[in-house]
Amino acid sequence: MSGKKPYTYSSRIRFTHTDPAGYVFFPRFFEKFQAAVEDWFNLELAVDYAGLVLNRGLGLPTAHTECTFIKPCLLGEMLDLSLRLIRVGNTSLTVEFIGSVAGKQRLRARSILVFIRLKDGTPVPIPADLRGKFEDYQAQS
Amino acid sequence: MSGKKPYTYSSRIRFTHTDPAGYVFFPRFFEKFQAAVEDWFNLELAVDYAGLVLNRGLGLPTAHTECTFIKPCLLGEMLDLSLRLIRVGNTSLTVEFIGSVAGKQRLRARSILVFIRLKDGTPVPIPADLRGKFEDYQAQS
Amino acid sequence: MSGKKPYTYSSRIRFTHTDPAGYVFFPRFFEKFQAAVEDWFNLELAVDYAGLVLNRGLGLPTAHTECTFIKPCLLGEMLDLSLRLIRVGNTSLTVEFIGSVAGKQRLRARSILVFIRLKDGTPVPIPADLRGKFEDYQAQS
Amino acid sequence: MSGKKPYTYSSRIRFTHTDPAGYVFFPRFFEKFQAAVEDWFNLELAVDYAGLVLNRGLGLPTAHTECTFIKPCLLGEMLDLSLRLIRVGNTSLTVEFIGSVAGKQRLRARSILVFIRLKDGTPVPIPADLRGKFEDYQAQS
């Protein structure tokens, strides 16, 4: 509630992302959502995302996602993806992404991410050391 | 209503699609939805998808999509994506994808695809020669 | 030497593969080389590629690759990738890919693939049950 | 010859890039080479890469590439790709990429990039306003 801005992941639209229409091919946005989550962990929450996967054997797959593409993104543009945490559940996070270029909205998405144990795919409660960080972030953004 | 089965696009889960957990990385499914639409045009509706883009200057971007991932897909599995046409609008199609492996559901998705003129991105009415094909497909599946 | 044709993996050029010029974005070809290797194992050599990775804990990363792009590939074209086995080493395979559309060459590539133990990345000798299959394939193609 | 360091593009290894072995899937490196070239244009040479494509109708496809993967890259690592310009030809550039993590080499690659007119794919001489920039960069790095 502090009015602090949500974490924003910025990335340039590259040739790699664009299709024959010169616009971002929509599956690439979902790769960017994943990148936004990883950097949110690494840079905003100070949680090493790679360590979570490689050392702690945890995964955070997307169980549900929905996205509305308002206006296409063009090669060369800088896309800002802001990340708000809508809900901290028992095993899951509900996250909202708002994508904008120069302050104008281009897309809105919402995803449910579930903590799982990688070795068998079972959902697990959000680890205690992370829960507090998520709740703090949710309160502030 | 004929009970004819919906068009189904089958593809093997490859190394390319999988992540460190050995499962499909979720953005790859959206690439497969796009492939399913292209083959549905080419093989089921007998409409040359590439010609639509390259010769007629039309695009069919995804304006909205939502997907629920029920169970992950593993390297080597054959994923069957069946495509049902839920709605034929003025400029858009609403399509449902059901993904299954050996008859067991793994994911469900729904997308809205909009016909646009590629040169300026403006939505255009579904071309007359295609509308009939879509309506026939919708009726049968 | 039997004059039998090399294994050929055919795939359509999709929207997913193409860039704003309407042509295949070159990294996508390397994904197709990987797909060709996987299907060559599965369909030609009758070796379950996924089982190799998931059950036997073996990997076959590309240690070196080089590719010459002769002519671009366009949305909608069918690309035939033929795979010849140039050399069967102690731990590695040298493979040549020739890509063509309707019989006209579009690209040529050569890759060295190394068998490794996934858990630590160490190169391992080609497993005995596979070596014979590779040598037979090399002799025939 | 000034001893100035070559332009270096740094990017984190993400989930998106990695395969079931936890390492970067090799085609992703070629996407990173493309990103490195785009940022080299935008940030080092002060040439708007997107404008080249979208406004001037020029493309810079890769005509040949070869890459040796010395050691795999792991999820979470920062990969530094330095770019040296080996040759400035009439219509082409020969570029060398050296990829390293924390100063240790992981891969080396060399690509030939050709200037083309996008509308018909014909190679064109390097535009005069760019040639000087390339020659300066080649001299310094």
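In order of appearance the chains are A, B, C and D, and numbering begins at 1 in each one.
In the analysis below, contacts are C-beta pairs under 8 Å (C-beta built on N, C-alpha and C of every residue); 3 or more make two chains touch, one makes a residue touch a chain.
Just so we're clear, the structure is a prediction, and the values are computed from it rather than from any experiment.
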Common touching chains of subunit B and subunit A = C, D
Farthest chain from subunit B, comparing Cα centres?
-> D
List the centre-to-centre spacing of subunit A and subunit D in whole Å, with centres computed as mean CA coordinates.
-> 28
Measure off the straight-line distance from the CA centroid of subunit C to the CA centroid of subunit D, and report it in whole Å.
-> 25
Centre distance in Å when subunit A and subunit C are each reduced to the mean of their C-alpha atoms = 34
Centre-to-centre distance between subunit D and subunit B (centres being mean Cα positions), rounded to whole Å | 34
Contacts with 2+ other chains: residues of subunit C = 15-16, 20-22, 25, 27, 31, 34, 53-54, 75
Select the category (line, ring, star, complete, other) that matches the graph of chains linked by touching.
-> complete
Please name which positions on subunit C make contact with subunit A in the complex.
-> 15-16, 18-22, 25, 27, 75
Residues on subunit A engaged by subunit B in the complex (per definition of touch) = 20-21, 23, 25-28, 30-31, 34, 53-54, 59, 61-69, 72, 118, 121
Contact set on subunit D toward subunit A in their complex = 12-16, 22, 31, 34-35, 38-39, 42, 48-51, 53-54, 74-77
